[in-house]
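Letters A, B, C and D mark the chains as written, and numbering starts fresh at 1 in each.
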Amino acid sequence: MKVSIVGVTGYSGLELLRYLRQHPFVEVVSIHSSSMNKKSLETINPHLRQLISLPLEQIDPKSIMKKSDLVFLATPSGISKELALPFVEADFPVIDLSGDFRLKEIGEYETWYGQSAAPMNIIQKFDYGLAEYREKPRSKWIANPGCYASAAELSLAPLLKEDKLVLDSIIIDAKSGVSGAGKGLSHSTHFSETHDNMTLYKMNSHQHIPEIVQQLKKWTPALKAIQFSTSLIPVTRGIFLTAYAKLKQPISDEKLVQLYRAHFENSPFVRIQEVGCYPVLKQVIGSNYCDIGLAYNTQTNIVTVVTVIDNLGKGAAGQAVQNLNIFAGFDERSGLDYLPIYP
Amino acid sequence: MKVSIVGVTGYSGLELLRYLRQHPFVEVVSIHSSSMNKKSLETINPHLRQLISLPLEQIDPKSIMKKSDLVFLATPSGISKELALPFVEADFPVIDLSGDFRLKEIGEYETWYGQSAAPMNIIQKFDYGLAEYREKPRSKWIANPGCYASAAELSLAPLLKEDKLVLDSIIIDAKSGVSGAGKGLSHSTHFSETHDNMTLYKMNSHQHIPEIVQQLKKWTPALKAIQFSTSLIPVTRGIFLTAYAKLKQPISDEKLVQLYRAHFENSPFVRIQEVGCYPVLKQVIGSNYCDIGLAYNTQTNIVTVVTVIDNLGKGAAGQAVQNLNIFAGFDERSGLDYLPIYP
Amino acid sequence: MKVSIVGVTGYSGLELLRYLRQHPFVEVVSIHSSSMNKKSLETINPHLRQLISLPLEQIDPKSIMKKSDLVFLATPSGISKELALPFVEADFPVIDLSGDFRLKEIGEYETWYGQSAAPMNIIQKFDYGLAEYREKPRSKWIANPGCYASAAELSLAPLLKEDKLVLDSIIIDAKSGVSGAGKGLSHSTHFSETHDNMTLYKMNSHQHIPEIVQQLKKWTPALKAIQFSTSLIPVTRGIFLTAYAKLKQPISDEKLVQLYRAHFENSPFVRIQEVGCYPVLKQVIGSNYCDIGLAYNTQTNIVTVVTVIDNLGKGAAGQAVQNLNIFAGFDERSGLDYLPIYP
Amino acid sequence: MKVSIVGVTGYSGLELLRYLRQHPFVEVVSIHSSSMNKKSLETINPHLRQLISLPLEQIDPKSIMKKSDLVFLATPSGISKELALPFVEADFPVIDLSGDFRLKEIGEYETWYGQSAAPMNIIQKFDYGLAEYREKPRSKWIANPGCYASAAELSLAPLLKEDKLVLDSIIIDAKSGVSGAGKGLSHSTHFSETHDNMTLYKMNSHQHIPEIVQQLKKWTPALKAIQFSTSLIPVTRGIFLTAYAKLKQPISDEKLVQLYRAHFENSPFVRIQEVGCYPVLKQVIGSNYCDIGLAYNTQTNIVTVVTVIDNLGKGAAGQAVQNLNIFAGFDERSGLDYLPIYP
């Protein structure tokens, strides 16, 4: 299978390249970038020296569709909504990593992203690509989930689908590494301001909130809202998410772990920790794994779910490859079955 | 005023030394350590070279009481409970930084610290030293609060004292820098395991939980329990605490900020941020400040309180100096009125 | 004594404010910035909240000279050369932290800074302010040394002044924290690019090279050139400098340490480590100390000098305050006699 | 080909496992550890959960030789010298990652490692495994080079083999990430002591000095000694090495780069940067690459070589796999041909 990567010079694009280069059934036939086209990929990314012989090309949909079978758009929200159109119109498969095709309700995108949305008929063509919950029939257009959203949705899926939660009690305290903010320069990605620091940002206004609620409602339509906070921690990669919710009935830690293990039995990338064990951020870095630990507090009747992913792995490029595998009918693990890098 | 520091080679002891050396009304007349007595202070702490002429002495209560007016015990929980006794028996003032004299209810210490408590009649002599809420008459024996506890209690005080909260809805997600674990060697303080990592530890079992509940109950006796989590972030100093709770009545962000500002009007070390601003961890490092930001979410009816302190400042040595100032009748800011170090 | 700070919103300006606020004989009467004048100082520097009541003012030399006795220019190279002129012309004292008045030889500034120099008659009025080597008569205009230059010059002074070195053998491998690059946004100050990374920059072309050579030549006119490299390490503050040079005659480590101790006997901010001990970067952070360790290698006949400073302390604001003290006739340690912050 | 890993729970052992699991021609058939045998590998290394089905076994040479074709000893210096003996005696191939079989001169090991050496007749059987310079006939026993040594030797090889250097002018300033110190607990691997810090350690006494000199002498027997310093930087992985030496004749940067490129033409893991480009540490992390940048200083006649490797990659496990490939006749890149992880 032949694929092209648009937006290859961003962190998600580079990570796609890293995964796909070792994919047994996929060949990257072209790489594209709008911003860096004058410099070679190696000059701005010296880690790639001598390893990628492809030239960095302008974005030309026709030429891409000619040589490829599928295109990844690893471009920012607001850019993908334009770039995707010619591909969709030509009935050509797209996996988009931005937020532009995730929100299905009219007005939501405008409210949370502060700009006009893609045409709603195009948005509706896209499947929301939470890989563990893809249903048939499947679209050839996939909106890859947000990094926070992936972690949040996997954290709560079993409890919601089994109707265990007091619905208005969900609070998610999520922390992200700095690569989540991309390569752009800003005060909040400046080393001297970020190192040894921690910051809560986008208080009650992060654009992944409606995305998460939309997915949780699929499982539990009565759910109205969640409390969701996002903080920046001084690591390059990773999301560490702590979710809290009240249970309708008490449960033991053992049953809780069993519930999750049963639920994710056929999901090779979701690893449920032992009773009394909670995942550390580093145990998933460089991989597509989503590791989850669970505890029930008898005093407060609250379950705590601790979930870690690599924001560039399961939170972006890893899951995009997983979605490619599902789309193409490959084993879900193809190109992803490697050990996390540790330490 | 003359003071002695016991446990000067630990991080809290060193920070006490740093604050007290510049205190206008206090002289440190002796420093003590059990573990390091054979090496000089400078050898193990080269930052002190040529700056501290005092010898490192064994711990001899009689000699301390002879030359000092007050002793700081910057010793670990489990050690202070023995060391404090001769001082208390001799009616000599003590400010203890450990957890040994904080829990006033029988059995609590044993449950949460996993060892036998100090004699309850001694524990009862100690005031709980949350500096902003010290009441008269004051004891000459002060149990300085825990780092997490200080941040948690100040976060919620105005809302609880004004009876604004749904009591069973309090969830605190607290994060700490690694110096909170002290100088001891362990897997969880190993650089290669901690750097670029984040870990939730002591799930539902941190020893500051009963301390916080005890204090919150003073303000709202009907409160039963709180959900409280502690995670380790890869910074040396600082506590970043996010508290969530449902309100009985909706409130505007403006009123929320006003409520806190009014409440802490006479508390020079508690700084309430503007509406829409949330403190970053680094803005209090090296200082005794406790900075608080506030937001109300109309969708979930939840208030979020973001609180930052330096765990060795307001969370330990800084507050101990503040307690000394209150005890001695000095201006509360004496020896503490310096700018945080930034960046 | 009344002083003004121009460029107060940069890292060196902020550090000047931190030192001077606690100076016993100095009052900061006004603070100035060109870039941030519309926002208050507190908004962009929340660590200063409630602590600095001065307004952030435009830069107006006349108004500054009216209320102050001396002005600090904590402005970048290229800016100071303009700003300083009205003060010098009015015979008003200036301590400039930029590189604009350090290089005394015609053409040097143009070569190394890539822009036109200040008028040479103005440059000549400025003393080079390496505090430990200030000679009388002293000018009222002081060019505060560069951070690397301060560390390099103090490292080699005793060996050069005692004529111990093979002159063409000096190699300096210097490493700096990221705050040395200031607050400006660039790829090389981006957290995701700098964290967990190390980079050699300005190979053989750092603008502190001519500054160092100029000073070393004062001590040893026969010296021609030095090999000097600068790398970025993932810390916020600090310079860690390793200097190597061949000796004319073998020496023991003991004699080496004695030589340095004798040389710096009256320099309270230069602390020579014991034989066999080498300073760590953190032992000077937040302070004006310059700590030096020494070793002679009998196999290679090379002496290694390990020197650490805080680039914002002895490398900028700390030394500027020290220069103020010397200028004003205060004890050199005034406002600087505090413990480094550790850990 | 079937292999076993002894010492799999250390950082180098884990990295071997990571590389070998994706090796197309190799199967890891058993893993062994002396220290951790009671806990499962997953408990202490949660990143491996569900990915390694092999049990953690005691070290039994007979059983290993029965099921394997080669054993990796990823054990510390001092341990390997005992463990290797039964394998060597049984004529069974060994790749040893410790320092125990590298030093061929009598007395060297004792001097630099401070303990008794392995029997010299066994040491002599081992090839020094600097992969780029393996000569035939090759031994089945390979002493994998030290991390610093690998970087230092590759840095200087072309210049020494072409006789370009003034021999007594070589100075190497090497910096290492903390994983180089292994998993052991010590003050110098404690997060609060290492983070935001830099330390020079083992001044003139690092055990890789004689190893480097031994190899450089093979190329230039007249070489006597080198000046070699090792510092710890606050990153988990990586060695950043800066080598300085005087040239016999001036050279242009272009010729310098050409010289290196020609020299390493057939070495896929040594990547020479463009003229004017110097490698950053992160560009090799997670890989077996050794990236080198070069500059000649006309003022000092000194060449600077900047070399980066992953200490656990080219500095340990990566090169061990490369040595396996050479031994087994596989393409040198087998199992190693992956992109570094960036950022």
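Everything below uses one rule, namely that a residue touches a chain if its C-beta (ideal position, glycine included) is under 8 Å from a C-beta of that chain, and two chains touch if they have at least 3 such contacts.
Source: prediction; values computed, not measured.
Participant: Which chains are in contact with both chain A and chain D?
Facilitator: Per touch definition, common to chain A and chain D: B, C.
Participant: Where centres are the averaged C-alpha coordinates, which chain has the largest centre distance to chain C?
Facilitator: It is A.
Participant: Looking only at C-beta pairs that count as contacts, which pair of chains has more of them, C-D or B-D?
Facilitator: Higher C-beta contact count between the two pairs: C-D.
Participant: Report the inter-chain centroid distance for chain B and chain C in whole angstrom, where each centroid is the mean of the CA atoms.
Facilitator: About 36 Å separates the centre of chain B from that of chain C.
Participant: How big is the gap, in whole Å, between where the Cα atoms of chain B centre and where those of chain D centre?
Facilitator: 46
Participant: Measure off the straight-line distance from the CA centroid of chain C to the CA centroid of chain D, and report it in whole Å.
Facilitator: 38
Participant: So which stretches of chain D touch two or more other chains?
Facilitator: Counting only residues that touch two or more other chains, chain D contributes 11, 179, 192, 196, 234-237, 280, 282, 343.
Participant: For chain C, which residues count as touching chain D in their complex?
Facilitator: 168-169, 171, 173, 175, 192-193, 196-201, 203-204, 224-227, 229, 231, 233-238, 240, 242, 244, 276, 278, 280-282, 285, 293, 295, 297, 299-300, 302, 304, 306, 308, 343
Participant: In the complex formed with chain A, which residues of chain D make contact?
Facilitator: Against chain A, the touching part of chain D is residues 11, 14, 17-18, 21-22, 45-51, 179, 196, 236-237, 268, 271, 273-274, 277, 279-280, 282-284, 286-287, 291, 338-343.
Participant: Under the touch definition given earlier, write down the residues of chain C that touch chain A in their complex.
Facilitator: Those in contact with chain A are residues 11, 178-179, 183, 185-187, 189-192, 194-196, 234-236.
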